[in-house]
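These notes are about the structure you will find just below.
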Amino acid sequence: MNKDLVIGLEVHLQLNTGKLFCRCPVSGTDQITGQISRRLKPTSGESGLVDRAAIYEEERSRAFDYVLTDNTCLVEIDEEPPRPMNPHALSAALKIAATLKCSILEDIECMRKIVIDGSNTSGFQRTSLIAMNGSLDTERGKVRISSVCLEEDSARKIAEEDHMVKYSLGRLGIPLVEITTEPDIKSADHAIEVARLIGLSAMITGLITKDSDSIRQDVNLSMGYGRVEIKGISRLSQIKEAIESEVSRQQSIARASEIIKKRGGFNRSYLEFIDVSDLFEGTGSILVKKGLSEGKRIFAACLENMNETLKQDDVRMGQEIADIARAFSVGGVLHSDELPGYGIDDSTVKTISKKTGRGVNDGILLVITTKRTADILSREIASRITKLIKLDLQETRFFSDKGRTAYLRPLPGAERMYPETDVKPFHVTNEDLKEAIDFGKLSAEERIDKISKDYGISRQDANTIVTNMRLPIFLALGEFIPFRSASRLILQKIPEVERKMGKSIEDEKIIWLVQSIVKHGLDVTSVEAGFEILSSGAEMKSIPESGEIVPLSQNELRDLIGDIKKNNPGIRQGSLMNEIRKKTRRPFDPRTVISIADL
Amino acid sequence: MNKDLVIGLEVHLQLNTGKLFCRCPVSGTDQITGQISRRLKPTSGESGLVDRAAIYEEERSRAFDYVLTDNTCLVEIDEEPPRPMNPHALSAALKIAATLKCSILEDIECMRKIVIDGSNTSGFQRTSLIAMNGSLDTERGKVRISSVCLEEDSARKIAEEDHMVKYSLGRLGIPLVEITTEPDIKSADHAIEVARLIGLSAMITGLITKDSDSIRQDVNLSMGYGRVEIKGISRLSQIKEAIESEVSRQQSIARASEIIKKRGGFNRSYLEFIDVSDLFEGTGSILVKKGLSEGKRIFAACLENMNETLKQDDVRMGQEIADIARAFSVGGVLHSDELPGYGIDDSTVKTISKKTGRGVNDGILLVITTKRTADILSREIASRITKLIKLDLQETRFFSDKGRTAYLRPLPGAERMYPETDVKPFHVTNEDLKEAIDFGKLSAEERIDKISKDYGISRQDANTIVTNMRLPIFLALGEFIPFRSASRLILQKIPEVERKMGKSIEDEKIIWLVQSIVKHGLDVTSVEAGFEILSSGAEMKSIPESGEIVPLSQNELRDLIGDIKKNNPGIRQGSLMNEIRKKTRRPFDPRTVISIADL
Amino acid sequence: MSGQSLPPSGSKLQIEHDGQELHVTFIKEDSGYGVFKLASGYNVRFPLADVKIIKIYDISQDHRKTMKEETNIGRGAHRISLLSTGGTISSRVDYTTGAVRPTKDLSFIREAISDLEDRINLRTEIIDSILSENMTPSHWIKISHDIKKAMESSEAVVLLHGTDTMSYTASALSFMFEKQTAPVIMTGSQRSSDRPSSDAFENIESSIRFSLENIGEVGICMHANSSDGSAILIRGVRARKMHTSRRDAFKPMGDGEIGRITDRRTFIKNIRKKTDSSIELFDQLDKRCGIFYFTPASTEEELENFSRGKKAVVIMATGLGHVAEALLKKIRDLSDSGIHIVITSQCLNGRVDLDVYASGRNLSASGAIPVEDMLPETAMVKSMYVLKKDPDNFAKLMQSDMRGEITLRSDTVEIR
Amino acid sequence: MSGQSLPPSGSKLQIEHDGQELHVTFIKEDSGYGVFKLASGYNVRFPLADVKIIKIYDISQDHRKTMKEETNIGRGAHRISLLSTGGTISSRVDYTTGAVRPTKDLSFIREAISDLEDRINLRTEIIDSILSENMTPSHWIKISHDIKKAMESSEAVVLLHGTDTMSYTASALSFMFEKQTAPVIMTGSQRSSDRPSSDAFENIESSIRFSLENIGEVGICMHANSSDGSAILIRGVRARKMHTSRRDAFKPMGDGEIGRITDRRTFIKNIRKKTDSSIELFDQLDKRCGIFYFTPASTEEELENFSRGKKAVVIMATGLGHVAEALLKKIRDLSDSGIHIVITSQCLNGRVDLDVYASGRNLSASGAIPVEDMLPETAMVKSMYVLKKDPDNFAKLMQSDMRGEITLRSDTVEIR
């Protein structure tokens, strides 16, 4: 890897404490309770490409549709001011910050971070800086933690069409702890370690959701061409993939830049698009035909000095151009390095080359869109190319499902942050502060050691319980059954039962069943029997009263063993157990069997 | 006709003054604005057959659906107390009362008349006695007027199914003047005369609606067997038909009664219905098959001593039984005088006769219904027969579209009337009283004479204007054009134009058009030209500005006539006029033509 | 009839008026007028001075039925108490005099619940007979005692009440019953029960259906819409009469809907259940509370006058809970002098929030107590309760949910 | 920083806090705290005593833009005046201090109406800059003069106003403008215009669309529902803010809807048209009016105290307009002493009717003036007007419809 490579991480973790600025639960049933539609106006203070895109969207009357779910209220639809910050979420975030050895800010002011892609109904995300200046000890040395913020999660995009983006509001407002490191990370593998440790520091609180996207990482990366922030990395393993693909991309752009500069550079502030639709009458190109049938036109422009930098070996400027077109919802982009092709023959290419005045070093760009959009793209693409050739690569990108990073928007700057006037600045209570600091006295790893020791379970089991977000239920079940049994139940029996049933059992139901069985004076063998019965389709409510969970008595066992031995004289201990299990679903104490069987 | 025949009339006339207890207009566009459904509870003070039917309906959960139209408000749906009585309606009613030489009650108290057939959302009709003791001079002598009441019209039934009756609320609350005569009417022809004169006394106010059922007559009739009230007579000619058919019915019942009494009478308080459905397996009777397929059963009962009184010559007790069954929504009724028949063969009739223990004088009744309804009908029919044979015939009937009267409900009694507590009793103002008495100084006929004289139109035209409810527009148009022209316009031109257009023109629009044309300094010839243009499809708004209604000037006429005469030397006066009309739609003064033409 | 003594109401007379002889029933005297019923059933009103009695046929005995004030209906297993306090629902027209007034005749209830007779054993009792606009906090206390007594011997209590102040009473009972072993279902009617179209029948039937459920709170059951056939149950502290005359006048403000009946099927939701333990009734209320309606014409003087003698004043402020800056000093003074100033909104829907605008923050700093999405009327009733229950923690209790009067999540349903 | 003098807001500093050195922008001092913006954009708050300024890089100049108070937008033919009185719609967050307050910067309007620039020539003017809870009748009079002036030189007037008391102002203007030659469309917003999600943009755009119609009355234009894309126009005397925070807070009570915009298409109905003749403005109001909220705790004393110094008291009574019998004598006394007692209902929907129950008839007999289906707030404002306009005919005018505030037909639409 490049020697100048500098990496930082932002890790986002969802808290299961209830939403941050209203009293809705974090999880709902996804039952849809309504739908509204809204438009967002870019506010005048904004600048940059995203804003231009947003204005463009506004011009197209792009509306956002929002689906309301049963865990939303007026706050999510921006119809009621936010409630005061959820104290449980704050307390969890403070504990995480303390575990990461941060200095906690004693006075907290909530900010608005302007976001106009519709993912927040308000047009901004509420975020609060709660701690700074922490550190994490890793195998490759200390990594500084810049900040811990507590912010609200955004709405989940569920559909996107030309003139409409639809979001589900269930996720909006879930508390997110955002942990940002300094660029102290040395390699992709190191990044994975850091992300894992940060995750652990959060999970150890037991307050992270079990949701599929409960943890998301962003990578900050620089190799001297400006900071790039890569969003949308949900699995640890993708961190490496993302870093490597972005490094390769930047190297490719550096090469392209060198080639183009050598040829005299790219000196346009706009592309001269020519309408070449007439050339495509009766074309064999499906892409072009589709565009024309939708009333679009084909525009061609010469790309100065960019021939064979668009898609040649590992130089792929065409991809960069396509990315920017996509930001304006234009998918139909072709360039000379892939032509002839896509049903466009050589003679057409030649005619276009002539029409656009293409020189020997120049490339050709074809865009299928409306005149109006072409006018906008003309400037946007030129400005993009200019920026890239200057090797000013700083921006926000996302890690796409194609295993590469793609353009998202410019880097947000400090000017996007304003105070959230609806939420009063507040002072962290002494109790919260003390509790957090006490919690932070142990690192996550130390705390897992302690769990292992305190509850008499293996370190591996303790670790699994924490990283599978099972700590709360582990502690809850420990109220009724021995912790070792609780651990076995959680890590083995219940996953097994869930697999059989083909669905997961809610934590509250697990606790209810265990508690109800234990209340009947029965022990963990009956509990396991109970879950076994559940997996065979019994109704949960009936189980605590069921005779099938009552262990076989000494007399019952004696009779059963007598029968079995009669038919199987000389049966061995293991086989005997199996024979008993065949005859009854009720639990029994193997030791009693041994003592009775007298083998 | 029977010499003991005594006849009285109740004439109901809708007023066009706006609704009686709210401020809705009398006519709407029939645009449906909503629908509600309600149930009515018979109140405990009630008694009689209708109440039993109502209880039965209640048990069947019979609901009333109401369609709201654009001339309804919360008052019609019984969701707001009535407003004070419409003073215009009261004033009109008082004028009618005065014309009929009644004493006007100076203090008026509004009553509730309980009606639970759903035709009033409140379960009652509001009605006020406003005058008593009037008289009418007829060709056959003086007829006393008992009372003049001002009441609200009921909702119009628009659909009826087994478990639902649907009403439209547009008509509910329209003021009705009810004029009741004493039984001084001597014959059916006399009744027609009285009804006509009463109608005239109301129409002369100019305040009766033009609606198709703006005038409805009820006939009260007695020939010694109790008073029968016949409702639902909308045309004068039907009065005679109704009286004659009812007289014939009563005579028929009298004969049946005589026959049955001679045989020993009908001495049952209930019919013994036997379920004979089994006999009809594979029956050819469509009526029976249909009933069975709907889950109903066939019940048979013996009708003591009623053989050959059910439908034999002009003795038709079967019809009376069928009527009462219909009140309980049972249509499937057959009796022995029409059997064998309706696909039921003789042997089945014989078997039934045997099963029911039919004697030689007895009839048989077959009813297709449910067990539950049969139980109810058992008593209702027996009680009905007993009543008829006692020649106690008093009840409310209606004049059906089959040209005969049919059972409707018992006569309402005084016990159905309670004060309307939501409307304060009030004192008639001196102005209203004086105005009414002044108006009543002339009879309707005298007033028509006066109209003829005052406005210089023929008596026949005056009469037609009044009886076609055209008095208000006649007077209104008289403001703009000579009354004679107004009369011609109303009685000739407009009906002609309406025939051409296939629809009627609203009065307000007629007045607007006349007024607008006259405002331009044009006279009635232009007005008639305007209506002519309207009939050819022109937009009304454009007509007053249209050049086509401007009469031809002398010069224009001269040129035209010159042309015509050139081509038709020696043309005669009549042909000349026709030739001019062929060449232009514009009006012209025939006298000018004559003077110019110099023929 | 001037100079003549009037016969009893209901007497049959022959009279002469204006030269006409009439056979009539004497109904009543009404400020100088005689009201007579004709044979046709119509009433006529003549000045008594103009009427001459020719003959009295039949002197009416006062045959007004003396109704039992207690009666039992049904032969079922569920013991339910129905207590009547009066109001339109138990008002009937007196067919003789024509006046509508609360009656002691609850016989119409039998008809209303004929479908339920197999399931219930309903004991009815008249505990008062007034129109609800005359209810005062003292009545609430008396009613609470009657309910407690009824609750001790039955599974459910249905309370008939005038609609005008029904939601106030429902709020009061909600707070006073700290623990209840039976549902208290209040109902009333917008059309009196002597009318065929009365909503009383269905409202009572639905109330009894709700009363069969495991509900441990005070609810108001009324028509869900203008049609017959469905009823709504509204949490007592979240109900409001939102129309002067419609059947569906009562609306659940915020998430106050706790039950619904459609086609005789009962659904309940988000309900507090009965307690198994004994009833806890706190039967003290401080009456020195009132609601002050802020308007742009409000002055310091108006507020001061209104607050005289009060212990708590609930301000119906504008919007998120704002009042004019000009009143802030007065609010601080009142607050300092020990009068609690509680802030609600005249918008009725939604939540007050004094943190959004500087004006709200100033109001808050003046000692005013914003009470979230609590209804103004509920806030006043709650003040009465809290002033006796725990006056030292007034602000804290007012801002905490006790009976569902404050909801921390604002439902996204439409505004009512 | 204790002892140190504070640099101007916006200055760039290097400070030391808790052993850490930070590069920050100084924002403001807030009760002993210093608020600083970090490079990341987050604000931090430290007690000033704990902060040491190491270096001041850049002392901020006060660069707050001085906005023109008048500006012209559009090149179309229709001359429209837009007057701003303040309120949320013209409030913006001050990005430096974080306070939201009415601003004199109306530049966002240009964005809101870009679609209409070809049709209109909009002249904007700041006539005041206050939150509407501080509006008083004196402000209404001043505003009416400003509107009259604007009306004389344009075809329509759009008035930006805070939402809290917007309906009061709308009522007042409705009565004061006895004849108007141009529509007066009032609008506000529930989210301030500095937010991407603000309703201000669409509300202004819709108001201007309505202002192009032939409307001769005062209307309130706001969101028709929670979604963007449709607007409602409500007759000024029939509008009410029915939610503290939703965009669609304003509801037409009764039949108050006079217009609607859906997908930029305008519909109007039942509207009064402009007059061709000259404007008639009656600019006097008697402020001695108020709204008394009747509750079961109300006493004669409370009513008497409230009525002190008043000329008219609008009672928000229960149901059809009832108050406790215990207040009747006091009402008669007040009425006799020349204080008009006007009866409205706290139900807000529906009509008062004092003829249905005896209690209502008694109230009526005590001199109280029931005002049909008039809103309480409108009744109070109308009282102010009538007391100056024609005090001798107070009751008669209050009971007659003047501007659509009384409707004789009650629409069958659902309750709001």
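A few comments on the model shown:
The chains carry the letters A, B, C and D, assigned in the order they are written, with residues numbered from 1 in each.
As a working rule, contacts are C-beta pairs under 8 Å (C-beta built on N, C-alpha and C of every residue); 3 or more make two chains touch, one makes a residue touch a chain.
Predicted, not measured: the structure shown is a model, and the values here were computed from it.
Ranked by C-beta contact pairs, the top pair of chains is C-D. If you average the Cα atoms of chain B and of chain D, the two centres end up 54 Å apart.
If you average the Cα atoms of chain C and of chain D, the two centres end up 33 Å apart. Chain geometry summary: the mean Cα position of chain A and that of chain D are 44 Å apart.
Shared contact sites, meaning residues of chain A that touch two or more other chains, fall at 74, 77, 79-81, 421. Residue positions of chain C with contacts to 2 or more other chains are 99-100, 226, 244-246, 320, 350-351, 353, 356, 412.
Taken together, the touching pairs give a contact graph of some other shape, not a line, ring, star or complete one. By the touch criterion stated above, chain C contacts chain D in their complex at residues 99-101, 131-137, 139-140, 162-165, 168-169, 226, 241-246, 248-249, 251, 287, 289-293, 295-298, 301-302, 305-306, 308-309, 316-326, 345-353, 356-359, 376-377, 380, 384, 412, 415-416.
Residues of chain A that touch chain D in their complex: 36-45, 63, 74, 77-81, 103, 105, 107-109, 111, 113-114, 116, 121-124, 127-129, 132-133, 147, 149, 412-419, 421, 425.
For chain D in complex with chain A, the touching residues are 18, 20, 30, 33, 35, 37-46, 93, 95, 98-100, 107-108, 111, 190-191, 194-198, 201-202, 225-229, 244-247.
Residues 22-24, 33-34, 68, 72-75, 77, 79-81, 83-84, 421-424 of chain B are the ones touching chain D in the complex. Every residue of chain D that touches chain B in the complex is listed here, in rising order: 320, 350-351, 353, 355-356, 361, 408-412.
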